[in-house]
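Next, two complexes with subunit A in common: one pairs it with subunit B, the other with subunit C.
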Partner chain A sequence: MTWISNLTTAFGLLLLADSCYSAYEHSALQTHRAASLSSLAASHNAPTSTLPIDITIETIFATLTICLGIVLGTSNLRPIQWRVWAGKIEREGEAGFLNSSGEVEKDYIGNPFRLLESRPGFVDIRKQRKEFAEWVKNK
Partner chain B sequence: MSSSLLHPPGHLSPATALQHSQQAPSILNKSTGAISTSLFQSLLAAPETPELWITYENLLLSCLRTGDDESAHRCLGRLVNRFGNDNERIMALKGILKEAGASDAATLDVILEEYEQILQDNPTNIPILKRRVVLLRSMGRISESVSALISLLDISPTDAEAWAELADLYFSQGLYSQAIFALEEVLVLQPNAWNIHARLGEILFVAAKASGNAGQLAEALKRFSRSIELCDSYLRGYYGLKLTTKQLLSDPQKALSNRTASEGFVVPDSATLSKLDEMATEKLAEIVRRNSAGEKGWQGYDEAEIKATRELLENGSNVIIR
Partner chain C sequence: MPTERELQISPIVPESVMHNTKTLSNLQTLTASIFGAAAGILGLESYSGFLFYFIFGVLATVLFYTIRVAPTSLKAGHGLFDTSRYFRTQYEFWTGGLFNGLAGYILTWTLFYGLVRA
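Up next is the complex of A and B:
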């Protein structure tokens, strides 16, 4: 998740918390008012006022902001067709699979079939050492 | 090609391997290597991840490759502390370490004896069976290595890596039809492996050049085409396609006479061949051009392959096969 999506989601959560608290306060005020009224006048019930419209707007806006923040934080879409995906690996290498912070994605494994050609279970370590030593000599 | 420490390092260039092994001391010193089993500490400290152990294993292989034996021993020590001595993979890693440290044939014989001993106790220890095959091949005892590999494949016939190793062994000995058979087995197990299709095409091409059988050239053509179907802009596939079409176009007599050959595929007619050649040339030129221009989405290709393609496009007729 990038910083912008984190920021937006956090802001939306703040707004939501604020609107929920305002609604709670409103309902607490209602019960308090009803309680104090009923102690003064025997049967006259003041009509309960509905939730102020700005609390409603704030709640809806907060929900939309949270949704926007989460959507902004999703990772890049990957190709679905096999040949397009394979072509992307061959053509772009690691650079095609960066996540939003610029690092290679955790589950990127490159060409999964290259293990059939490098065969790590059959690594001939003596040959590799010899070749490496020659490469160092020739450098 | 992924260059992180989370993937087996066999295919890395020497420079990247050197870079990894130079990171070894810092990675080893960063954590003490003691993973405590107490509940309290595992609540406080970061939990161990599978990536940690994979990193140690790949670091070990890179260090052995570059000659940093001390760091390799330290990595192995931590792995043994965690997984114990009886784990099959750990036994194979210990074997690799010993092989790397061996300096003469007598030591190698001793190591081989040890492998045989382990296999006496557990005949299906796959990592040790693989090590035995590699050691025999490294010592030059190819036919024994092949029979050891075949017995491994009898135990575990769905091991694509072992089939691929068998194909490589046969190819190194010039036994092309056996190599082709082994690679076809790999393709049965992994039908979508575009690089194996290209490899099979390459072996068919070499075999066809040796024997002059145009049916094999036609099959090579099909294999390269399949690898391109499976992977857009596959450099190796287009390169092989161009070589094969050029070969087929340059011997029209042979192609005609083998049209009705009983074995091998039917060679396509020369119009199709020239169209394929044209398409391959165009695509190769595009890849080389975009890669050299430094365009953003085209930098994943290997330097040496691009150089070879450039030479192929410039020469037009003189081709050297790796």
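Up next is the complex of A and C:
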């Protein structure tokens, strides 16, 4: 999924660079014209004339594309309420915390009571029996 | 802000809060630089330049909301524009990064304005 965001951002950056160069050329042309005209007549061009409309449209479109690309490249948000977060860990385990390239995120803590639950007196033996039975079946 | 008692009944995960605010502020700083480049290219001056930044800043946040917050938040039953699943206050979500990105915006704005206007 990360290639979509990278592609969009790269395309937007290309468009932005193109419109930047076009605007630079336009402004350079304006000053050149003004310089050659002022050698003939006393009138001066306004220091900043309006950009052509297509450069403006290209700039806005490039900006929006880059913005979209960057937003698509952000990582998934995590719920902040404790019960929602803990429920998500119990139901989905690691699969709910994958980052864009499919690996588990680096600061994933996991079940916060992991150490408590593995104490001998608190082991859930029925759940472990069920897991073992499924593993034997799947072998 | 929730009271101490409300925080005891439904606690908040600080690691998630940190991750979410880091993601959002990264996004806003990065897009602010890009908006600065666009404003420099378009040759915007004083008031229109700042107006451009605030409008596009809000636009970027709305885009972030529709892509990252809305799908899971609306499915979980929160109302429209309710960010309480991922962020503590709405104010923090919508306006928190605006003044952080302003510095980067002005930087690239003046840079590109000077570059393009020769």
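To be clear about the criterion, the second predicted complex is superposed on the first by the 104 of 139 C-alpha atoms of A that agree within 3 Å, B and C clash if a C-alpha of one lies under 4 Å from a C-alpha of the other, contacts with A are read in each partner's own complex, and residues count from 1 in each chain.
Assume contacts are C-beta pairs under 8 Å (C-beta built on N, C-alpha and C of every residue); 3 or more make two chains touch, one makes a residue touch a chain.
On a predicted model such as this, the values are computed, not experimentally measured, just so you know.
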**Message:** One more residue to check, A:W82. First (subunit B), second (subunit C), both or neither?
**Reply:** both
**Request:** With the two complexes superposed on chain A, say which partner A:V71 touches: subunit B (first), subunit C (second), both, or neither.
**Result:** second
**Message:** Quick check for you: in the superposed arrangement, does A:E90 touch first (subunit B), second (subunit C), both or neither?
**Reply:** first
**Request:** Could you look at A:P120 and tell me whether it touches subunit B, subunit C, both or neither (first, second, both, neither)?
**Result:** first
**Request:** Kindly classify A:R129 by the partners it touches after superposition: subunit B alone (first), subunit C alone (second), both, or neither?
**Result:** first
**Request:** Scan A:A23 for contacts with subunit B and subunit C and give back first, second, both or neither.
**Result:** second
**Request:** Using the touch definition from the top, say if A:N6 reaches subunit B (first), subunit C (second), both or neither.
**Result:** neither
**Item:** Partner chain(s) touched by A:N111 [first = subunit B, second = subunit C, both, neither]
**Value:** first
**Message:** With the touch criterion stated at the top, can you tell me which subunit A residues are shared between the subunit B interface and the subunit C interface?
**Reply:** 82-84, 109
**Prompt:** Given the complex with subunit B, which residues does subunit A contribute to the contact?
**Reply:** 82-84, 86-96, 104, 108-111, 113-129, 131-133, 135-136
**Item:** Interfacial residue positions of subunit C with respect to subunit A in the complex
**Value:** 10-13, 15-17, 19-20, 23, 26-27, 30-31, 34-35, 37-38, 41-43, 56, 59-60, 63-64, 67-69, 76, 85-88, 112, 115-118
**Prompt:** For subunit A, which residues are in contact with subunit C within the complex?
**Reply:** 16, 19-20, 23-24, 27-28, 31, 48, 51, 55-56, 59-60, 62-63, 66-68, 70-72, 74-85, 107, 109
**Fill in**
Counting only contacts in the complex, subunit B reaches subunit A at residues 1-4, 7-8, 10-11, 14, 17, 61, 64-67, 92, 96, 99-100, 102, 127, 130, 133-134, 137-138, 160-162, 164-165, 168, 186, 190, 192-196, 199, 229-235, 296-301
